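Below you'll find a set of structures to go through.
The two complexes that follow have chain A in common; it is paired with chain B in the first and with chain C in the second.
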Partner chain A sequence: MAKRILLVEDEEDILSLYKDVLESEGYIVECARTGIEGVEKFKHSEFDLVILDIRMPQMDGIEVLGRILNEKKDTKIIINSAYGSYKDNFLTWGADAYLIKSSSTETLINKVKELIG
Partner chain B sequence: MDIEFEKLWRISRELHLSLDLDDSLCRILTALTAGEGLAFNYAILMEKKEERLKPRLKIGPETKDEAFKIWAEMSKVSSGLEELLDSCQTRRATAKIETDDFIYLSEIPEHLLSDGSIKIDEPASLPSSLQRFINYFPSVIVPLKSESGLLGLIIADNRYTHNPITEKDLKTLDLYAAIASNVIERSILFENVKNKQTELENALKELKESQMSLMRLEKFATIGEIASTFAHELRTPIAIIGGYSEKLLKKFELPQDIKNYIQIISKTSKRVELIIQNLSDYIRSPVPDYKEFELNKFLDNIVSFIDIELEKKKIQLKKDYKEEINIIADSSLLEHAFLNVLRNSIDAIENNGEIIIKSYRENGLAVVEIKDNGSGIPEEIMKNLFIPFHTLKTDGLGLGLAITKKIIILHNGKIDVESKEGEGTIVRIKIPLRREENGKKNSLS
Partner chain C sequence: MMKNILTFILAGGKGVRLYPLTKNRAKPAVPFMGVYRIIDFVLSNAVNTGLRKIVLLTQYLSLSLDRHIRQGWDLFKYDVDGYLYPLPAQQRYGERWYEGTADAVYQNIYTLQMERPEHLLILSGDHIYKMDYKFLIEQHIKKDADFTLVALLYPRSESSRFGTLEINRENRVTAFIEKPSNPPPYKKDERFSLVNAGIYIAKTETIVKVLIEDAKNNYSSHDFGKDVIPKMISEGYKIYAYVFDGYWKDIGTLDSYFETNFDFLNDEEKPINLKDPDFPIRTYFPPLPPAHIKKGSDVLNSYIANGSEINGARVINSIISPLVKIEKNASVENSIIFERCVIGEGVRLKNIIIDKDNFIKEVDICENWKKYGLDLTEKNRVVVAKGWFKNA
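Showing the complex of A and B:
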């Protein structure tokens, strides 16, 4: 069965790019354009993986991360951010991987495959 | 001593030719002792400094033998007064009196200083304080005065020829003192102006320098902050540009020329990303991860990263490893540091150049020299070599060497650069072999 991915990202162009790329890899992708929307969708649906941006309006990725972790689901989490500076601490936050937004989607795809197959 | 007015006028004209105080003082005593001048045998000039008189200059032979030898020689070469005065340029240093001795003005009877030239016939008529400076009699004391007061005094005598000092001589000396005083005052004024000018110039230079460093500091601080924000802000658009061009290439069967264009877009976005990475690396402060490795193998590995660039520019790379060197350092940081230096060398070479990598051990340090025969670094760039955002390149941020230096310093090492424009550059990096010598765990901030 196809794996389900929740993509939380406020940047429309990134969102559709990742959706497209991940779908062509055979994943089912659900999109959330704000942190609040992301948390709602996460609560009411089952996902294998969440890809989370950090800097978003209203509720940022770190808060989303905290709320997602509180749901105690066995979902893998990738933080995918333009901020390199948080990278050193991500393990203590409970995410499974921290990626810096890159000009190539290859790293992201590889990490997704590594975490959920 | 019969001296006509015309002669005095000629001396005056000669004395006024110099504006340098030492030179002027030497000229004054020289004219006083020259045969063509006032023809005294021996003369001392004492200068007034605050409330003291200090011996400053002396002209005249110390012994009778010396005196006659000099006069015999002078009569042979028969140089004129002008040449003799001009020779003060070279003689004045030997005429200088090096002493800490002085007399307080208050120790000297007023009439000796306020009246004109005075002939002293015997020690008894002198205060004891002056007797150490006047050891021949008769002597003449000539006060040098300007409108602002006493400048100093000249003591002169005819200790070898024993020529008498006449009333007429004293009158001539008064006239001479007026000329000399005028020359001295003029030189002092000029010297003051010159000192003030140097002071001003120094102050200006200092001001400029502090302004520059302030500007650099400010530039660095603000640009550092801005750069950090920029780096983050740019990553998303770059991810979009790079990501979509990648998708285009993968998803569609495109004609070759369009493919090429998109590849250029993709490549360029990677380049921008690398610049952002460099910037972030500089701003972030990595904690080094020290491990032992062999330096030459490590260098070989780095060279393999730049193979293509070397080939493209037809650059010969020569390795000159003196010995196996085991070193404890952070290899990924050093890799970054060395790559920056090597890339600079490649960029400095137009075509068909040569890069030599040399490694050896020296006093507990591993030394790596990277030498190229490229264009070299202009002097004005050399000064700011390790300061961020100074660069010759049009496509870089000028962070390469700044980052390199940070990394080397983090390892308690040293980096120095020798460069000649048009001939090439040598970058010498020295790193302690052992961790203990690397110091405690540093952070780059």
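Showing the complex of A and C:
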């Protein structure tokens, strides 16, 4: 069965790029454009993986991560940020991977495959 | 050394077994020995040790605890000395209270993040003991431990209700069992076992990782004793014990509350020196005149707090809190009377705990406790809730 991925990202360009790439790899991708939407979708549906941006308006990715961890599901989590500095935030240690956003999507796909196959 | 240490005091316990004393207040805010609150002991330990970054993690019914901290523990000027403040559960990651001791710390990772201390000292707000944590901290740092817990020497026969541990020659913890039916003996003296006192110090970086892992684990009850410590041992973390053989009491039940209070009335066994100028046990003292023992009174082996009046009554082996009035021909024996109670003429009290604001004129409440809707402890002590007998 195809694996389900929740993509939480506020930048439309990146969102559609990742969605296309991941879907072409055979994943089912659900999108959330704000942190709040991400948490809601996470609560009410089952995912194998969450890809989470950090800098978002309203609820940032760190808080989203805290709320996701609080739900105690087995879902894998990748933090995908343009900034390496958040790596130093204690809560980000709760994620399974931390990627720095780059122009190439190859690193992301490799990490997704490594985590959920 | 103390600058790199943040202290979390777990003060969120509901204290269900101390009901009705915990009906309107968190367990650490329960009065003790007339003038103290339970929390004063651990706070005094921390402050006397020289710790200056102290956060009390509170949740249930924290109003009276907050007020007490404001009144009695407003010691530090933030920029100069450090801080000591209560932090109510923020529910930052979901609408839930703390599930266990480990969860209480986990839910405050944000505070750790802001402060980034090298080590985190974790204390319980509901124990009565005197300890200079300096020696614990020194050992923890010297051994380069990931986690150090205080192990008490406890009579083996009574150790089953605790987490018990085994250590090697270097004090490294080799086994930890929560509430074992047959507690392992302490190698140096087999009459004793080593039990977990709920006093921990950990490397912040290590403990944060471990707590996040634990938070993700559905099968965990998020408790240091039940989940975190056993898991850390099995994963090979460096966990050491600091052996402590001083006085330590955990106020678990109404009877242990009663007996711990009375330990301090006992002349032979002075558990803690409350008059040590180098290690003062602080509290909030309201501005009141000294106790007034009037003509015709008979007072023996008792603590009588300021602002109280004994108006020709008999008081034996009892603890009388501030602003208590005991009227003519009343008799109070083996009892603890909380603030602002009035014991009316001829009232006879024995083996009773009376919470604040009770005006008692019924002479027979100890014999006929049932009639008055009172609670009884396992060891047949009567307990009167706050304001149960109103001023008519």
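The definition used in the following text is that the second predicted complex is superposed on the first by the 111 of 117 C-alpha atoms of A that agree within 3 Å, B and C clash if a C-alpha of one lies under 4 Å from a C-alpha of the other, contacts with A are read in each partner's own complex, and residues count from 1 in each chain.
Going forward, a residue touches a chain if its C-beta (ideal position, glycine included) is under 8 Å from a C-beta of that chain, and two chains touch if they have at least 3 such contacts.
Just so we're clear, the structure is a prediction, and the values are computed from it rather than from any experiment.
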| item | value |
| --- | --- |
| Residues of chain A touched, compared between chain B and chain C (which is higher) | B |
| First (chain B), second (chain C), both or neither touched by A:E63 | second |
| Touched partner set for A:G94, first chain B, second chain C, both or neither | second |
| Touched partner set for A:I14, first chain B, second chain C, both or neither | first |
| First, second, both or neither for A:K72, with chain B first and chain C second | second |
| Which superposed partner A:A2 touches (first chain B, second chain C, both, neither) | neither |
| Chain B versus chain C as contact partner of A:A82, first or second or both or neither | first |
| Touching partner for A:S24 - first (chain B), second (chain C), both, neither | first |
| Touching residues (chain side chain B, partner chain A) in the complex | 231-236, 238-244, 246-247, 251, 266, 269-270, 272-273, 280, 284 |
| Footprint of chain C on chain A - complex, ascending | 63, 66-67, 69-72, 89-91, 93-94 |
| Footprint of chain B on chain A - complex, ascending | 11, 13-14, 17-18, 20-21, 24, 82-85, 100-106 |
| Complex interface listing, chain C residues touching chain A | 92-94, 96, 109-110, 112-113, 208-209, 212, 215-218 |
